[in-house]
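Some structures are shown below for you to check.
Two complexes follow with chain A in common, the first pairing it with chain B and the second with chain C.
Now for the complex of A and B:
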């Protein structure tokens, strides 16, 4: 009931959950060895910004468009091709449909 | 004949008749009271679900069931409309009714303050009828008719928020693309009828010669239904439509999209099942060519889906691109199943692909409902304009987190179980394909971690300080999907053995489908 067989391997969610639980216990145990001098809402919890004033939290929130900026910038050439492909024009949508139709006619129809 | 026997006998017709008649009754019921309209919609979809349940029990136990409209037994099957329900049909019908039921519960609150709800529910029920019809019919022309109904009703529902220009634009694109596609299907049906003087799938499958015209028909079905299923590079309508329709509508459009995917399975495995291993030129069997074509398109879909999703800031469009990638996973599995037909891992691949249909419906459906809940409380679509919602929307955040893990194929949720079968089987065909699929799944996780951070975590934004949790009916709908994602993840064999394996067997054992009709003449 729990073991999923793929013919070449298996998957048992209960074993995975057991491993996850043991890993969590280990993590929690190791955490216990840490220093217990942490005090909430004191100087020690404030960010040190080289003496600069801390901005309001909402101003520091990284917007979704800026996340993975490095990845999208390094893949700029790929994205420029994909953006050109996604024109939003209905006639282009139909063109892609016809291109695939023509290619498959050649591959399946002619062979 | 007892009541239960009669119900079972007429169940294929009732599954279509109940939502169809309810759709036409809806404007009348709406005039009485708004609440009665909602109760009527939920109860009629629930009733259809019960009939599907009764039929599913019988089909899974006793094999395919045939229903002939206007006749007691199989007489003149060439001209009569005939429904043939086997395990794959009923599997798809279960998914469709599940999506519809949850969508209608969600609509209760989500669409509460909208005008024109009588039209909304009428179109909703008509779209449900068309999706169920596509899945149950045993006739290619009938399939075309239901496909057309789904095109028209989907278009009207996408444009439901008529005051938004983008919704109208998305609906226009959808109707153009779908109508052109449907015409090509009609062309394919015409070619088959001209050659074999039949429209019934089983009769056609029995007579198919794999002539040059049959090759053309195969290509037409593959391309049109692939486009309707959201296969790249013909996927562009999908983020537009999914992104602009109300999320409850997106769920039911998704069921029509999955019905198109089912159409490809039916065409390849049943209609062309007899000739699938036919050697064509260069000693290449047909299944190798068709399988690798589908695999190539699947890999393109997965790559384009995840790469484009990464740069989206509109939440619903982002999920739309993710849906394209998920469709790619299904086609990858089915392509492998066709290319390696006859091998043990081909069967596993097909099972993985079919299982992924269910998991995709649940996971993508859940994410759309979460996006809808955010839109409902904030009236914002862009991820750039929201943040810190976890503080006020705790349940929605939990449901999103479950959806995130499930769609990214993280254990122990349902997405992992089907992807596990897909990775393992595809690896045996070609390890590179499996690696690409796995890496793209990791990218999916990265995409939704971005959404988690941008929408739910971080500081509370000043204009969103007063937002409240989504209404109860919306939470209930999301909760149902989340619960199913966990249950399937923890007990995969329960669903695999009872639903998925019989569905895969029904496709592979096409002779049973054919003899149920042709053998009865």
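Now for the complex of A and C:
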């Protein structure tokens, strides 16, 4: 009943939702035993910045590009080749498109 | 799915979820205690008592639940709870204690693979909703780590499924099928053993990253980011993440057991029904302990924290190549047997 089957895989979202609901009731109840109070608008609610003064949120912004730092640094050699390929020239991109298309046709033709 | 009446299904969902929640929490915290004790002894310390994680949870429930000024309060409070619930929901699809999964035909390995993303995503959302630069950097690192370890993990899963497909098993991603056809029984030569051995090592190295343990704990990095994505969490919200960590440890170890060591002791001992159940449960708990010991405790004591670029490199280059070598060896194992046979 309500089981989604893909041929090799299967999933029943209804069962998962019911399990989720039961577990939610259980842990929401357990969580309720914990203390909910804190001292609002005191030093306590300032972000911890190792003793540095907290600035306005827009000044403490962490750039989204920071996410990719691990990838761009660990695979620097690959990225340097890719960056060189990104010339910004449309005709270069069209050339790459044609080359890839030709390789694809060759592969499909051979197979 | 199995033909169950509505009342049977209802009882199984309610009672099963409550029992599995109790099991996940109790043993998650118990194994956390064992991990802390052993790692302390390895570092020449006495370490906390085994019941310390239970005391930690009680202590956190008594602490103030601080919500920072720049946080998004509803999200900041809700997401630790969601993280714990989705982690717990994975256990209903896994074989536990020598028993088949609670809902063996309601979800397979692919579902578990997707559900495993959710606890990490809960950490990421919690970090972003904190409004702290440390937490945001931690959340970004968690995302990068997730992207990194998914690659070798996916190759590993595909290899196991492909191997079963060659044997003519119909539902290759079903945990029941995987547990009934252990990988070590499927190999026909040394290449297959080496291939699956490599894949086992890869999975044992993916486990600490899934659990944000040293050396892959750069999203938290206490000495650098002061706890990273958890830096602003306290009280009962932090207790929810603490419990999630314990439950996820049991989940990951149970996945390793299900994929590589789904054996029971009872068939070799010719015992009665109940003694056989007890022996199988104890043997399962022992297997989980051994896996946690090797993939969490020993690694985190022996190795220092890696930087995020080193984590990405480790998973995308050496471990992805290792898992591809494992896949090729398993494929050759079949091909060579076909040539000879």
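Everything that follows uses one rule, which is that the second predicted complex is superposed on the first by the 72 of 111 C-alpha atoms of A that agree within 3 Å, B and C clash if a C-alpha of one lies under 4 Å from a C-alpha of the other, contacts with A are read in each partner's own complex, and residues count from 1 in each chain.
The rule is short, and it goes like this: a contact is a pair of C-beta atoms (placed from the backbone, for glycine too) under 8 Å apart; a residue touches a chain by one contact, two chains touch by 3 or more.
On a predicted model such as this, the values are computed, not experimentally measured, just so you know.
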Partner chain in contact with A:60 - chain B first, chain C second, else both or neither: both
First, second, both or neither for A:86, with chain B first and chain C second: first
Contacts of A:9 with chain B and chain C, given as first, second, both or neither: both
First (chain B), second (chain C), both or neither touched by A:108: first
Partner chain in contact with A:35 - chain B first, chain C second, else both or neither: second
First, second, both or neither for A:18, with chain B first and chain C second: second
First, second, both or neither for A:71, with chain B first and chain C second: both
Overlap of the chain B and chain C footprints on chain A, listed as residue numbers: 1, 3, 8-9, 11, 16, 57, 60, 62, 64, 67-68, 71, 75
Touch list for chain A against partner chain C, complex: 1, 3, 8-12, 15-16, 18-20, 22-24, 26-28, 31, 33-39, 41, 44-50, 57, 60, 62, 64, 66-71, 73-75
In the complex with chain A, residue positions of chain B that touch it: 172-173, 176-177, 180-181, 184, 212, 215-216, 218-220, 222-223, 226-227, 233-234, 236-237, 240, 280-282, 284, 289-290, 293, 297, 304, 307-308, 310-311, 313, 344-345, 348, 382-384, 387-388, 411-412, 416-417, 420-421, 424-425, 427-428, 446, 450-451, 453-455, 458-462, 489-494, 496
Chain A-facing residues of chain C, complex: 1, 9, 13-14, 16-18, 21, 60-70, 81, 84-86, 88-89, 92, 103, 105-111, 130-134, 136-137, 140-141, 143-144, 147-148, 161, 171-174, 226, 231-232, 235-236, 239-240, 307-313, 316-317
Of all residues in chain A, those that touch chain B in their complex: 1-4, 6-9, 11, 13-14, 16-17, 56-58, 60-65, 67-68, 71-72, 75, 78-79, 82, 85-86, 88, 90, 92-94, 96-97, 99-101, 104-105, 107-109, 111
